[in-house]
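Note that chain A is present in both complexes that follow, paired respectively with chain B and with chain C.
Moving on, here comes the complex of A and B:
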C-alpha cells in the first residue's frame, strides 16, 4: 500500500503530462509517439546516453535533497540556487589557488569548502526565520539574486581568468578534478557522492532523532513545540544543512563536468530541485527518480533538436508541465489517508 | 429542573427519518435509523463519540445524502439535494462553532442576508430593531442588540445564533452540544430559552451527551449507539443511570476519588501576569500545587485559563511573576527543560497540539521522550525498543487500534486522548497539566481517563486540571480555584463545592 502510494504520487503527474504533451505535439504537427520514443532513446538508449542523463541528474539530486530536508521541517526555502552558486565559486577559487596540494587533499577540501560556503549563505535567512519569524521564501529568493550577481561580478573582475574573454575563473588544478566514471562522458564520482548522500538521507529520515523531530515538526509544529522540540533551532539547522547540500552540489559541478566556475552555469538547478523534492514528496528514492527524469529530459532535449525538427522548446514545455503537476497534489494523499483511515477504523473496530 | 419538561402540547411528526443508512467504506455510520421529532417538542439525540450523531445531522441538513432510507418532513418523504433545501423546509442548525461575524452588532448579525429595506435599498433599522425585540421577548431572553459581536458575552451570542434561525423562518432547530461553552447559570437560561421556543410550537433537536441536561429539558429521547437506534422513547421515566447504560450498552460507574493526601509543594505559581493583547490578561495569579493532589481551575472559557496553560507549559513567555517546579525556578526554562524536570502537559487542542494526527501511534507515544536512553543511543532511534514500548503503552491504557503503526488520526476521540495520556504519564512525571482531558471523548473513554488521572494522583503525582466541564472538576478536584477576567475569584475544597456557588464565582462574584 505504502509503495503503491509513493509510486502513484510520482507517476500520476508524469502520466498526465504525457497526455497533455501529446495534445501540444499534435497541435504543433508532430507525432507524439515518435517524439516520445525519440526522447526515451536520446535519454536512456545506450550506455553513453544513460551516462549523460545521470550526469545531468547529479546536480538535481543535490538541489532536490537540499529542498527536501528543509521542506521536511516546514521551511519552504527556494535558496538552493544561491547556495549552489556560492559553493561552486568557493570550490573553484580554492581549486585554482591551492594548486600545490595533491588530489587526495585538494578535492575533499574544495568540496567541504563549497558545502561550508553554501551553508553560510543560508545563515542570514535562517537566523531571520528562527529569531524574528521573517518569511524564508522572500529572503532566500532574494539571496539567490544576490548570489548570482555577486559571483558574476567576481568572475568578471577579481577572479577572472587571465586572458579569458568570458566570465569564468581559471581551470581548477587537475588534482582537484573528480574522476570520470565512464569517459568521455561527464559522469564523475560526484554522482556516487550524490547517491551516498541519498542513502544517508534515507537512514537519517527513518532512524535518527533529527529525522523524527523534523517529521513531527513539519507535520504539526504546535505539537512539536509542546513536546519540547526546539522548533526555531531545528528550522535554522535544517536550513543550514539545506545550504550545505546545495553548496556541495555546486562544488561538484565545478570539480566534475565544468572544471571551473562559469557565470550563470546553472540552468536553474535550484528551482528544478524544488520540483524534484515536491514530486518525490520527500522520499529518497523519489528524489533519485525525479532527478533522473529531469536530467534525462534535459539531455534528450539538447540532442533531439540536432537530429529531428522537434524544437527544444517542446521539451521545455514538457518539463514545465511536469513541474506544475508535481506541485499539484491531486488530492491523492488525502484520498489515501481517508481510505486507510476507514480501513483501519474497520479493522480496529473503531470508532 | 424537570418542571420545564412538557410534552402535552405536542403535535404530529415534524422531522424524522425512516431506515436512514450511511456507510463510509466498511464503517456503517448510520444503520437503518428511524426516528420522528414531533412538532412542538424537544427531541434529544444522545450517544457517545462515533455513535452516528453527526452523520445523522448532516443528512438532516442536506449536507450528505443517505445511502438508503428517507428523510421525512411533516410525515412526507423528501430528498435534500443541498443545505438550501433543508433551510426551505424550515430546518436550521446551530453548530458548536458560532457563525456570527465580528465587526457587526448583534442586530446586524441577526438580519444579515435578509435585511428589512426602506426606499432606495437602505436598511430599515427601526423595523429590524422592533423585530429583534419581539424575537427576544418571545424567547424570554435579554439581549443588548447594539453590542458588537466580539463584545457580547458568549451566552448572548449563542441566543442570537438561535434567534437568527427563527428570524429566517426556521421552526426546526438543531442544536449541537449547545451547553459546552456555558457556565451553569447560563446553561439554565439556555434550557429555559429552549423550553420557551418549544412552547411556541418550534421543534428542537437537542444533540448532547450531558445526561442531566437531556433529562431536564427533553420530551423525547433517541439513543444512538454504533450507528443504530437503541431506543426512541419519551424522556419521562428515564433516569441518568439508565440513560448511560443505554448509551454504552453496559453500566458505567464513575470512578470515585479517595481523599487526597497532599505532600510537598511541587509547582508554585507566584504572582503570574501577562500582557493583554486582545485576550484577557492574567493578573497576579498565585497557586501552590502539592504532590498527591488535584487542583481544578474553573472558569468560563477565555477568562485566563489559556494564559495559565501557556505560562506553566512554557509555550508562552512569562512577563511578570515566578514559577517554581520541584523547588527550582523555571520561570525562564524552555518547555523541554520543564519536561525534563517532570512536567507533563495534556493539551486542550488534541488535534493540533496534543497529537500529530498524520504520524503513527508509536511516533506519537515517543514524542517528548525520543531522546531518552531507552529509545536509542548516539542519536539513533531503536525501532525495536520503540515498538516494545508502544505495545506496552497500548495495552496498559487499553487503546483500541489495529496496530501501533496506524496513524493516530484514524482512532476515535477517546482513543486518541488515551494515546496522549499514555505518553504524558510515561516515566513518572511530577506534575500533570491536564487541560480539557475529556473534550470530545465518549462516556466510557471519560471514565477511563478520569481513572488514570486519579491513579496518577494516588501514586503521588500532582495534577493541575483545567476544564470547562464543571462536573468533571467537582468530581476529580481536591480543591477548585475559580477564575474570572484573569483573576482568582475563589477557592473551594472538595465537598464544600456546591456547583451553584462555583458557578457564580465563575461569573465574577468574589467568594467570601
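Moving on, here comes the complex of A and C:
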C-alpha cells in the first residue's frame, strides 16, 4: 500500500502533464502519440539511449538529494545551484592544476574538494539560520547569484583557458576523468556514486537516529525542541550536508561528461533538483525516478529534433508542467489516509 | 527538354564511367550553441545559412537545440552520427574535444566546427579573420572621432572598445580595431575594457557611459547581448556605437556608426554546398576574411549621409590594402597579444 502510494504520488502528476501536454501538442499541430513514442524511444529505446538518460539524470540525483536532506529538517534551501557551481569549479581547478597525480589519487581528491567547496558555501546561510534565525530561502538564493558571478568571473580571468574564445577553464587531466561505464556513453562512475548516496540516504532516514531527529524536526520543530533535539545545530548540519552533496554533483559533472568548467554549464540543475525532491516527497526511490524522468526528457528533447520537427520549446513546456504539478498534492495523501482509516475501522477498529 | 537531355546524358555518362554516386545525399545536422536560436546573432546567422543551403541543394537538414548542449556533447554528436547523418555542423565552442573524439569513431561522416581549429581527417574547421573587419572599423572610427560639424562627435581623438571577456578570441577584434585606428592617427587614444559577460546589457550601458564621460564618442563592442546596452547608451547620449556579428545598424538608427559583420551564414552555406557537391573540405581549416566575404562592414544605411566620401574612400583603400596584402593585420590567435595591449 505504501509503495503504491509513493508510486501514485509520482505518477499522478506525470499523467496529468501528459494529458495537458497532448492538448498543447495538438494545438501546435503535432500528433501527441507520435511525439510521446518518439520521446520514449529517444529516452529509453536501447542501451545507448538509456545510458544517455541516466547520464543526464546524474546531476539531478545529486541536487534532488541535496534538496531532500535539507527539506527533511524543514530548511527550505534553494542553494544547491550555488554549491554545484563552486564544487564544479573547485574540481576543475584541481583537475587541471595537479596534473602530476595519478588517477587513483586525483579523481577522488577533486571529488572531495568539490564536496568540501559546496559544503563551505552553505556555511554562511547555515550559521545565519541557526544562530540568527535569518530566512534561508533568501540567503541561499542570493548566494546562488554570487556563486555564478564568482565562478564566471574566475573563468573569464585567472582561470581562463589560453586561447579560448568562451569562458571555460582548460581541460582537466585525463587522470581526473571518471571512468565511463558503457563507453562511448558519458555514463560514468559518477552515476554509481549517486546511487550509493541514495542508498545511504535511504538507510539513514529509516534506521539511524539522525533520520528520526530530522523527521521529527521537520514535521514538528517545537516538539523536537521540547524533546531535547538541538534544532539549530541539526539545521546547520543538514544544510552543510546538502551543500556537500550538491558540490559533489558539480564536481562529477566536470570530471564526467564535460571535462572542464564551462560558464553556464548548469541549466539550473539545482532548481530542477528542488522539483525532483518535491515530486519524490523526499523518498529516495522517488528521487531516482524523478531524476531519470527529467534526465530522459532532457536527452530525448535534444535528439528527437534529429528525427522530427518538434521544437525544443515543446519539451521545455512538458518539463515546466511536470515541475508545476510536482508541487501540487492533489489530496492523494488525505485520500490514502481516509481509506486506510476506513479499512482499519472495517477490520475491527484495531489500528 | 534541354534539362531532360542533360539528365539523360549525365546519367549515361555516370553509367559509362561506373561512378557510384556523384553527390552526397545523407542528411545534415546543425548543432546550435548554448545561447540558442533567437539570439539575433551567431546562432541565427548560421541557421539562416544552413536553411539557404539545404533548401537549394535539397539536402535534408535538422537542427538540434538543447539547454544542456555542453554536458550532452558526446551523446548528441554520437546520436546524430549513429542516425545516418552525413554532415554534422557544430556551433558550440565547448565541443572542440568531443567532436575530435567522436569523429575518430565515424570516419565516413563529415564534421564541422566553427571558431577553432580541431585536427582530424574528417573534420573541417572554420575560423574568421575578424581582425580584418575590425581594422576597417578602426579606420572609419579614427577618422570620424575628430570630424567637426557632426552631431555627437567631440574634438577629442578618443575611441572606446568593450570586449565580452579577456581572451584571444575577443582580443583579435580589439587588436585589429586599434591597429586600424592608429593607422589613421597614431595619437588616437583607444580605451579598452572588458565586461566579463556576454549577456548583461546593464553593464554594457554603464561601461559605455563611462567611456563617453572620458571623452570617447564612438565605442565598438564585441560583447554579444552586453553590447545591446552599449548601443542603447550611444542612443541615449547621442554618441555612436559600432555593432558586431550581425548588421546591428538598425538597433538604434543613426547611432550605430557601422557593424563589423561576421558571416557565419556564408561559412555554413558554403560548407553544406561543398558537402552536397561531394567536395567537403576534409581535414582542412577554412579561414574567412575580407577576401572571402566572411567578415566586413555593414552597408551603413542610417549613417552613410553623415560620413564624408573621403572617409569612406580611406576605408575602401584600407580594404584594398588588406586584400592585396600590403596591409597585414595583427592576428592575436597566431601572433599573441601585441605590446600595445599588454
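Simple rule for what comes next: the second predicted complex is superposed on the first by the 339 of 351 C-alpha atoms of A that agree within 3 Å, B and C clash if a C-alpha of one lies under 4 Å from a C-alpha of the other, contacts with A are read in each partner's own complex, and residues count from 1 in each chain.
We adopt the following convention: contacts are C-beta pairs under 8 Å (C-beta built on N, C-alpha and C of every residue); 3 or more make two chains touch, one makes a residue touch a chain.
Just so you know, these numbers come straight off a predicted model, no measurement behind them.
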>> Taking the superposition on A as described, I'd like to know which of chain B and chain C A:262 touches: first, second, both or neither.
In response: second
> After superposition on the shared chain, which partner residues are touched by A:216: those of chain B (first), chain C (second), both, or neither?
Replying inline: first
>> For A:34 in the superposed arrangement: first (chain B), second (chain C), both or neither?
In response: neither
>> Quick check on the superposed pair: does A:298 touch chain B, chain C, both, or neither? Answer first, second, both or neither.
In response: second
> Regarding the shared-chain residue A:226, is it in contact with chain B (first), chain C (second), both, or neither?
Replying inline: first
>> Tell me which partner touches more residues of chain A in the superposed arrangement, chain B or chain C.
In response: C
>> With both complexes superposed on chain A, which partner does A:102 reach: first (chain B), second (chain C), both or neither?
In response: neither
> Once bound in the complex, which stretches of chain A touch chain B?
Replying inline: 207-213, 215-216, 219-220, 222-230, 337, 339-351
>> Which stretch or stretches of chain A touch chain C in the complex?
In response: 42, 48-49, 52, 55-56, 59, 152-153, 156-157, 160, 162-168, 171, 184-186, 253, 257-260, 262, 264-265, 267, 298-299, 301-303, 305-307, 311-312, 316
> In their shared complex, at which residues does chain B touch chain A?
Replying inline: 24-27, 49-50, 313, 315, 334-336, 338-340, 345, 347, 349, 352-359, 363, 366-368, 370-371, 376, 379-381, 383, 400-402, 406-407, 409-413, 415
> Within the complex, which stretch of chain C touches chain A?
Replying inline: 29, 34, 62-76, 78-80, 82-83, 85, 93-94, 97, 101-102, 105, 115-116, 165-170, 194, 196-197, 333
